[in-house]
Each structure stands twice: as structure tokens, then as C-alpha cells.
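Residue numbering begins at 1 within each chain, and the chains themselves are lettered A, B, C, D and E in the order written.
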Amino acid sequence: SETKEPLVHSSHQEVCNQSEWVHLNVGGKLFTTTVTTLTRTDGDSMLARMFMHGDVEWQSAVDETGAYLIDRSPLYFEPILNYLRHGLLVLDKSVNPEGVLEEAKFFGLTSLIEQLEDVIEREQPPDDSTPIN
Amino acid sequence: SETKEPLVHSSHQEVCNQSEWVHLNVGGKLFTTTVTTLTRTDGDSMLARMFMHGDVEWQSAVDETGAYLIDRSPLYFEPILNYLRHGLLVLDKSVNPEGVLEEAKFFGLTSLIEQLEDVIEREQPPDDSTPIN
Amino acid sequence: SETKEPLVHSSHQEVCNQSEWVHLNVGGKLFTTTVTTLTRTDGDSMLARMFMHGDVEWQSAVDETGAYLIDRSPLYFEPILNYLRHGLLVLDKSVNPEGVLEEAKFFGLTSLIEQLEDVIEREQPPDDSTPIN
Amino acid sequence: SETKEPLVHSSHQEVCNQSEWVHLNVGGKLFTTTVTTLTRTDGDSMLARMFMHGDVEWQSAVDETGAYLIDRSPLYFEPILNYLRHGLLVLDKSVNPEGVLEEAKFFGLTSLIEQLEDVIEREQPPDDSTPIN
Amino acid sequence: SETKEPLVHSSHQEVCNQSEWVHLNVGGKLFTTTVTTLTRTDGDSMLARMFMHGDVEWQSAVDETGAYLIDRSPLYFEPILNYLRHGLLVLDKSVNPEGVLEEAKFFGLTSLIEQLEDVIEREQPPDDSTPIN
């Protein structure tokens, strides 16, 4: 399936297109990603709107290194960005899904919010209310 | 109060207002956040008093990068700052709530202190004292 | 093939050959490794193709420090790179193997994909379907 | 004893007094703290002696950023420094107390050594020797 | 006991001797330590040979900050370096000892290899083969 694009496939292309690259300063930690990743899903998420039409419309603050400033938790942004990269929610055992849920809500990632609410519900200990008889 | 600024919603505004951004050097680790976050809850917390009326009154030390120096644990400051961002206490399983409690006490975050004391009490193994028969 | 260089063994040689060294910026985190490591296994993995024939063919983007930009999770790239170093899959208990699997798929590391799928299958709770009797 | 300085309380003062601030490079990781913290407890601990009488007596090596070089584990120094800040030993579940004990011994923090030995003893699985009947 | 060496004791001396200090870039992460630590045990380990006779013999590559480049996992190098500092193997619960074993083998730390193989064997679930009656 790559026979017509002899030198690049899609991932290669992503890596190559330098103008695509974006640095984010999330709560003090630097993340590096691409416009393609940030605008991939949930077209009206905050990140998609922020980076979809260039930087002109959105007058975001940048830090001294040129990274876009986002006042959120870097810890819980990590699985958010990973989700935007490949479309899967992957959580390490030590990560509290409620922290990731707050980020998904902040950024308006609707499909991810639902998945996280499912994870949180499943983790809840079963209801100990005994029906009165 | 934002009815005159039709193009932005509150989160956008926070991200945009560059003068709002604050760097903190907590125990050697850099955190980036906004004055709005630091002064949001518990009006007479130390952070609120530190950043509410500009930097004039409070002659805080800054490091060579301009970050405000705070001699506390970065590990346990993380959930404190996250709490100030969205109002929820979120703890990863590996984090000792007693460490976060010490920070909440230091910064004078009354509502958070109560929540943390509840978490700690619930984690305690049940009292093994057997009632005398 | 190293019999003519009596003073070094292979590891020494790797450490010495400065032109070998490569910096990678994976999602914002810097990794340092060698061309030998990146091209060691799975000859047609993306990393092998990226670094096998010099940098000429592959017009990769680099950041301001000269590190090759890769828009993937640094968290799950760590065991990938470690695997390329010594050929073993080593996962800490807190790491979700599904995150590493996504990276193995992205980089086209066939033998690692199989190992990770085995790990994930073994971790699954046993099928709770009770045979009808 | 602070009645003559009406505008500050003790924590404020600590934050303000710029000459107080110290950077430590512990095993490659930077920590920022104050002389007050480092000399607070255990007056003849190594850190207290190192920073009590100014830098003149103690000809410590500093790195290129001016941080004092200490050849110890940053991982296990973290709870040590936290202990010096507020006087409580706080350990995350994932941290091995034996690592922290080695640091407490190195720095000569007598009261902390005892606490850590207690923690380690309590974590030991109970002696499986069955008394001979 | 320090009356004859009025200004230094052995730990002090280590900290003071600036020419001793070494920076290592292990897989992209910086570690700071001393020649004394790196050459302390296992005299014919790779690290001992690398730093025992000065830098002349061993033409190691250094990065732009002057740190010696080592193409290994920083995650599993941490307990290795800690072991060289105080002679004890200390592993956090989350760390996979098989990762540390690979580093001990790479660096040729014989006594540590044995300790790690013991740890790994003890962690193995007991052999479920039931002896035939």
C-alpha cells in the first residue's frame, strides 16, 4: 500500500513536516507533539480549536522557549496526549482516572470523558447497600 | 461579567492573559500556573495572599529564571496545585496523603485539610481493639 | 570481526564512537542512544530505516538541540529503547503493557509486538463464563 | 520573638530572605531549599554542619550552576529533605524505606534513623518460626 | 574523633575534592557522582576500568555538557549507582529487578548480579509441579 509514495508513509510524513511541531508547557512540564495529533479527534475540543486554524486566531501565551502555556496538570495530561496520538485510552495502574477525567472535561474530549467515566465506575467497590427485606 | 468579550470563554481567557502567568520553583522543580489559579480558593491561604495584590507587597525571593522560590516538597505540591486548578482533590494510589496534608497545612488551605484528614482516617486499618466481653 | 582491535570489546567500542550517538526528543523528553542500538533488531522497523543509511534519506525534523523529534509517548518508549539495547522486554509493575504495545506497533517491532500481546493476554482476568450445567 | 516584625510571619520570612536559599545537586538532580531547613534538626548532622556557619569553613564543591554537589541518591534524599522541612517522615508506598535509611545514616540524622528502623521492622513479614510445642 | 583532621572527615573530603566529580549521561538522563563511587567495588567492572586510570586510556564520548555518554537505561542505572555509593542493593517495589540485572551484567558487577538473581528467584511464584505420589 506504500508503493505510490516511495519514500514516505504517513508516520514518516508526520515526523518530517517541521512546521507541524508544537511545544506545550503544561503546568511547568514540556510536551512536544504535532498539530496533526492535537487536532485529530473531537474537532471542537479546546486543543483542536486552539491549533486548527494556525496561531492567528488564538492569541495564546507562550513561555520564553516558545511553548504554549496551559495551566493544567502535566501528570494527567500525559494520557490525554497519548490518546490523541493513537486513539486509545491507556492508564498505568498508579494513575488516578479521576485526574485524567478532569483534563478530558477541560479540553472537551467527549468520547474520552465517556470512557473515563466507565473506568471510574468499574473501579468503584460494589454498592454495599443491602436491600431491606 | 464576561458578556462584553464575545469571542472568548473563561478558559480561553486564562490561557491568553500573559501577565497572569507565574512560575514557581517548589523545592527545585518548576511549576507553571496563573494568578487566577493561585488565588482561586481559600482567600486567605498563603498562596492567595502572596499573589492577590501583585508582587509589590510580598517581597518573595525568585530564582535566576524568575520563578518564585518555595521551600516545600514538589511531590506533594502537585495535587495541591491541581486542587487549586479545578477544586477536586485527586490522589494517585502511590501518593501518601499525609505528605499532601502537610502542604495543605503550610499553605493554609482549610477545606483541603479537612478532605485530606478524611482520606487518611479512611485509609487507617480498622481499630483492632476488641471490646471486652 | 573485532579481532584486529585488541584493546576494546564491543561495549567499549559503542561508548567510544562519538559519531554513533543520537539524541531523540520523544514527546518532549530527551533520550540518548546510538545508531547501533536503534538499528539492532527488526531491520525494517521504523527506527532502523530512520537511522540505518545516515540522515540523508530521511529528512527528519530536529528540535533546537539537534534531537530527532518523535511524536510518541516517552513513558512507553522507555521499555522500547531498553529492548533495543539488550533484546529483553522488561516492564515495571506500574507500566501498562498496552501502552508499550502501541509503541511497538508504531515502530514496527514485530517480535516485541508478539511478546507484549502474550503479556497482556496473561494479565487478563480468567474468563468468568461459567459452563451451564 | 517575632513581635517586632509586624508584617511577616515565620514562613513568609523564610520565603523572603534571599540569602537563605541553597541549591543542592544530589546525584544529578537539583533540589532548592533554605539554610534554615538544612540546619533545623539534628544540629550535628552533616547538612547542619555543612551550612550552619556559612560556606567559608566547608569548602564544598559546586556544579556549574552553583549547586552544592552531594554524591547520594536523589530518590531517597527527597523524603530526607521533606523531613527537615516539617519534621515528619512521610514515605510513598512505592519507596523502599531501606534506601531512605541509608541516606539518614549518611547525613547523621539520628532521630530519623530510629523512625526508619521502626518502619522497616514493622514491614518485615512476621517471624515464621513456630514455637516448639 | 575529628580532632586531628580539624576541617574534614571522609565524607566531607569526598564532597570537597572537585576533580573527583563526574557527570554521566545515561540514556539521556544526567547523573552526578564521583570517581571514588564509580571505582569502589568490583575493580574490573566496566565503570571502574572506565574511570580508574583517568580519562586518558578510555576515549569515551561526552555530550555537549561534558557528561560521559552511556547507552543504557537510566531507570535501572539508578539502583546500580546507589549500590556503588553504599554497597547495598535497594529496590523500590515498582522496579523490575530483571531490568537492574541487565545493567549489572552490562557493567560487570559480579556481586550485584548474584544478589539480583536471588531477588528474582525469590519473586518467582513457587513451582506448581506436584510431585507424583
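Operating definition for what follows: a contact is a pair of C-beta atoms (placed from the backbone, for glycine too) under 8 Å apart; a residue touches a chain by one contact, two chains touch by 3 or more.
Source: prediction; values computed, not measured.
Note on connectivity: the fewest chain-to-chain touch steps from chain B to chain C number 2.
With centres set at the average Cα position, the gap from chain C to chain E is 23 Å. Once the centre of each chain is set as its mean CA position, chain A and chain E turn out to be 37 Å apart.
Shared interface positions of chain D, i.e. residues touching 2 or more other chains, are given as 93-94.
Traversing the ring of chains that begins at chain B and proceeds first to chain D, the chains occur in the order B, D, E, C, A. Within the complex formed with chain B, the residues of chain A that make contact are 25, 27-28, 46, 50, 58-61, 63, 69-73, 75-76, 93-96, 98-99, 102, 106. By the touch rule above, chain D contacts chain B in their complex via residues 11-12, 14-18, 20-21, 23-24, 29-34, 36-37, 78, 81-82, 85-86, 88, 90-94.
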